[in-house]
Amino acid sequence: MFIIEAVEALESYFPLSFQESWDNSGYQIIFKHNILNGILLTLDVRMETLQEAIENDCNLIISHHPLFLQPLKNFDYTFYPENILYAATKNEISIYAAHTSLDIAPNGLNKYLCEKLSLKNFAMLEDLKPVFVGELEKEQTFSDFLEFIKKTLNIPVVKYVLSHNKTIKKIAICSGSCADYIYKLKNYNIDVFVTGDVKHHTAIFAKENKINMIDATHFYTEVCSKDILFDCLKNLNIKIIKSCKDYIPWDYI
Amino acid sequence: MFIIEAVEALESYFPLSFQESWDNSGYQIIFKHNILNGILLTLDVRMETLQEAIENDCNLIISHHPLFLQPLKNFDYTFYPENILYAATKNEISIYAAHTSLDIAPNGLNKYLCEKLSLKNFAMLEDLKPVFVGELEKEQTFSDFLEFIKKTLNIPVVKYVLSHNKTIKKIAICSGSCADYIYKLKNYNIDVFVTGDVKHHTAIFAKENKINMIDATHFYTEVCSKDILFDCLKNLNIKIIKSCKDYIPWDYI
Amino acid sequence: MFIIEAVEALESYFPLSFQESWDNSGYQIIFKHNILNGILLTLDVRMETLQEAIENDCNLIISHHPLFLQPLKNFDYTFYPENILYAATKNEISIYAAHTSLDIAPNGLNKYLCEKLSLKNFAMLEDLKPVFVGELEKEQTFSDFLEFIKKTLNIPVVKYVLSHNKTIKKIAICSGSCADYIYKLKNYNIDVFVTGDVKHHTAIFAKENKINMIDATHFYTEVCSKDILFDCLKNLNIKIIKSCKDYIPWDYI
Amino acid sequence: MFIIEAVEALESYFPLSFQESWDNSGYQIIFKHNILNGILLTLDVRMETLQEAIENDCNLIISHHPLFLQPLKNFDYTFYPENILYAATKNEISIYAAHTSLDIAPNGLNKYLCEKLSLKNFAMLEDLKPVFVGELEKEQTFSDFLEFIKKTLNIPVVKYVLSHNKTIKKIAICSGSCADYIYKLKNYNIDVFVTGDVKHHTAIFAKENKINMIDATHFYTEVCSKDILFDCLKNLNIKIIKSCKDYIPWDYI
Amino acid sequence: MFIIEAVEALESYFPLSFQESWDNSGYQIIFKHNILNGILLTLDVRMETLQEAIENDCNLIISHHPLFLQPLKNFDYTFYPENILYAATKNEISIYAAHTSLDIAPNGLNKYLCEKLSLKNFAMLEDLKPVFVGELEKEQTFSDFLEFIKKTLNIPVVKYVLSHNKTIKKIAICSGSCADYIYKLKNYNIDVFVTGDVKHHTAIFAKENKINMIDATHFYTEVCSKDILFDCLKNLNIKIIKSCKDYIPWDYI
Amino acid sequence: MFIIEAVEALESYFPLSFQESWDNSGYQIIFKHNILNGILLTLDVRMETLQEAIENDCNLIISHHPLFLQPLKNFDYTFYPENILYAATKNEISIYAAHTSLDIAPNGLNKYLCEKLSLKNFAMLEDLKPVFVGELEKEQTFSDFLEFIKKTLNIPVVKYVLSHNKTIKKIAICSGSCADYIYKLKNYNIDVFVTGDVKHHTAIFAKENKINMIDATHFYTEVCSKDILFDCLKNLNIKIIKSCKDYIPWDYI
């Protein structure tokens, strides 16, 4: 099987036309007609990821995050992400990103999160894609809901904004770095917004508008993208590995 | 003394012409010729802050963060920040923000941080205002430097990106939410970048380009703005209070 | 009845989606869930209008002209229109504008004018909304038509541009400040254009392109908006008053 | 003398570099090396003006208002201003406009108006060119000042906005169609603003911000441009005529 | 017959709505209700063309290239193209351009070229209008194809880029100055691209991406527009002449 | 010597700050701290150029034309110029472009051309950089001047626009693809404009405005950039080769 055939199989699930205008979903580096040896699935493409691919004889990396969001016209391979381009070129490793095409797709990342959290009556907000809103089957205290998120997504440390003490029923959720959507979510009457990369100003805004907010981290809300990709590709009759070099890039002290 | 006179005294230190083009430093709400009873200094203006001002008979709030970064043309006082406008209007409380005018000023916030951390040979980067770069008097391990930052800025939990294990000598620092400057800092040969609101992509970029990063939080890198403002205003012969309602808007579990 | 219910009743006639892209039709200040005591209808919202509302115990002002066309981020209540915001806030008066949503609506302001002038075969120009073109039942001299306009709209002083002496049959009409549409109307073969706020350059252009022009004033072409609004709201079972503080803002000597 | 020489003489007083960025001061149509027979000075260039030039054997028209503010790429000579281009081309009449280059010049139109009204201590506002602010030698009632303007500028009908009844001392003045400058003039503490083409919204704004406003008409504040131009050109040893076809393009009933 | 009637006949074939957004197809100068004496068809409108029209008593020139692509607001008739405007105005010659409206039309210029070259299965590329792609009935050597183009379009000197030596089957063609489309044509798997105005960078790009390129000249790919226009107008019962003053504007040495 | 040292030597003659805003002068691919083996100078970087560098053991290519004018974010190495990036990466060849920084420099390409053509009193036009205007020592016929250009620049075929038959004295010259500057050169009273990539519309404009034009080709006006670069670098004590794979990318038949 050629590299390009695996890409076409993936795009039948997550067409590039789904992606947002600013995104660079699609191939980052491609050797279309090389024979596919194996696929490595990953959230991020870092130097360790590339080495893992080489060691496992995988010559196609499928990541969630694009390697190149900013286009390049000067190449100094001592810097990231140019260094990845160098190593991928030397070793003929293709790299493909399924980013917002995966976030938004009908069977994509945010739908997966809703199901993982057992939400009911969930749907994507037409005016605020790809945010989903849904409901818990049974109301919970915020403290119980926090524990539930932490355990379900397997997050070591959860940051949260406590803005009210009402029970939790109506949830908005958006994987990755969607905290700024809080400015529009104020009109949707939600109890809590689950996302990643919550910043000071978004936290203050949530607090004062009486919306609880859970920073489930960019990493732990998106690392499951590997599972979704695996399910779509597993019938391809090719070796597929989920990276074990993906980890959250920070610690706490 | 009129409200406007206190404002003019402050602007002699931090002229509005210093602010960045997108900012709204300056008065947010002003009753210029009301008699000044007292000044409340704060990082953020939240409803508790306004109540604190009223309870302490302060009719001028000087904050670091502007209440209105987005201009308004429809007023529904059930939402923040419009609700603050309502309460300030009812109670004739003036609100003034010294934001990027304070960050950039020669005796402003980032210079204050450099001094607090006992940096040597520090200066603002001309091409990357208001980032400062300076040096530690003596090289330290990253672990020691982390503890030093945590203790000096009094931060309960510090998030950090460990990208290398070299000793730390050359520091870049920028208060608030400046993590995106990492994309340009790669050329400055620094050992660590101290700022707030570090996100997944900025952390990955730092990690791969071998720059350590310390998220000293937006809050704890800027809460000292109250001390700077106090020093400038203390000779005004008027009551000045530092808010005790300022706190970091999140917790961890 | 809540304030918001009266607003919804009005928007069933003049939906906000009708308004032009630059407009700010809709609520200017709203206390959605205050109990509605009475409605004051007005063309402009000036300080006298607000006092009239208070004296008549009306806590909802519905105006034609928006109070805020320019968004605000600095509030000094010594100036208009901020002073109106101050007074409305103190007294919990809601203000709502039905502006271009009213001009363009099928049963809106310009259609009303066509009927008031007994035009036949009138319709809005698809390429030049909200200008209407229609015909007089019987041709008239321009002098007779001028007198007819003056009397029908009750205008004390009418300014006019005499560009030809042919009889008048085909009329273009647009309420408010639409004189600049003359630059496109040259292709429509009209005898006279009735609007307000006619300026020197638009008058010269009309004169040289042989189109008569009648400045029926911004005020007298739009003051009838109160009657249209009254008709839509009269079945609400609430007190509705037409402002008697609306007057043309200038005199002649 | 060639046409181009008269133009150069004029530009020594009013260089094109003075004009505003949106303006088209300068030649509209030029036959540079035709022999100059005579100059007709005018405010506007209309068909009657062109005929007057031909009848008086003047082959250079110098106007205040540019004939072409909108550039052209399709020429149908049945419309104005293309019809003027046709007639000027057929008859080899050159047309030149001294517009904002004349408004702003040190010895230009607005300075002329200040002197005509015997103002003291007048100067152009650096931030609001070409508005001038100056003072009356002696305070007057607004009614007296109105009569003085009407008589001095010889205006048949003056429109005015009465916003306060204080005596008049500090005057802002700007020829032509500058009513929108009122939005910035609110900070200059003036008693009255004299300009032309005052519209409903500018009148309401002035009224509510307590600034009187006099619409001395676009025509009568600028028709004096002919006198200024005459003074600059009179030593050229060529026939110079002031148009007697210039008149205000409207009447009142 | 009036001038305007001939224009309307032409626009029934090539409606102005077909033209590209940056174009100025349509009348350049028009005397709509002058009686039509005769039509001169031309590629370019130069001074010789105008004289030819006058000498042949044609008062309507229909060209492929618009005379005015840049709009004008200052007229000095010593320069081209203003000098043509002068002469056309003096002599009441109307000028009309059928430019991209002709290129793109179903029976327009590029379809004509495909037929002239006996291509099969040709069609306009939906994403790259007005480029057509089609096939030769029988494969040829590039050398034979070059000779065929030279002879068929009657071109004295043909410039060409030889990038490969494969036989030629699949052709892209676009009249005029379309060489920059090569940057997108790399994905269409064509053997040769025929157009005009081939520049250094487009030639290098074609060479390196293994696409042969034939610069059949802007002139010889578009001079046939006269034949297309003639066919559409020949039933009008009016004199129609094809200009014999059209020639390629350069020579070689 | 490191690669970066040769680059710094070059930039002392042609600083990157000289380049135009749209340009990408500077390194295209760089291995800064590789040891420099040899330098290949070239006009264009094509695959043959890269092979020549490898065969001659040169690991730095200095070209006039940038390899990457359009930034890239998707890499498929089957296309040019990505294929060059692939090969340069595999072989660790650095590529640097001195483009508009060389055109404009005081001792740059256009000055070199003026000297080569023995022009007198030449200078760059301040308003039309990097066009130079100068004079021939002695007037010539256009035919003689054409021959002189052809022979001096060694051009096999020269395309020219004959617009007048006056003798030639005043010359404008601009290397590369500068034909569009003709639209502004009409005011400079020149006899002939020498440049490359002359297109139909620029030729027609020149012809009608009576300016002769010589298309000395993009290639032959810029291939001399290798000589200029050689002179600047020859003292570096390193092997420097001028590419013999540079040739004009087209032929004529």
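As written, the chain order gives the labels A, B, C, D, E and F, with residue 1 at the start of each chain.
The definition used in the following text is that a contact is a pair of C-beta atoms (placed from the backbone, for glycine too) under 8 Å apart; a residue touches a chain by one contact, two chains touch by 3 or more.
Since this is a predicted model, take the numbers as computed values, not measurements.
Contacts with chain A and chain B are shared by no chain at all.
Between chain D and chain E the CA-based rotation angle works out to 180°, given as a multiple of 5. Residue numbering shows that chain A and chain F use the same positions for more than half of their mutual interface.
Between chain D and chain F the centroid-to-centroid distance comes to 52 Å (mean Cα coordinates, whole Å).
Averaged C-alpha coordinates give centres for chain A and chain D that are 63 Å from one another.
Only residues 24, 26-32, 68-78, 85-86, 89-90 of chain F touch chain A when the two sit together in their complex. By the touch criterion stated above, chain E contacts chain F in their complex at residues 44, 46-47, 65, 79-81, 83, 146-147, 150, 157-162, 176-177, 186, 196-201, 203-209, 213, 215, 217-219, 249-253.
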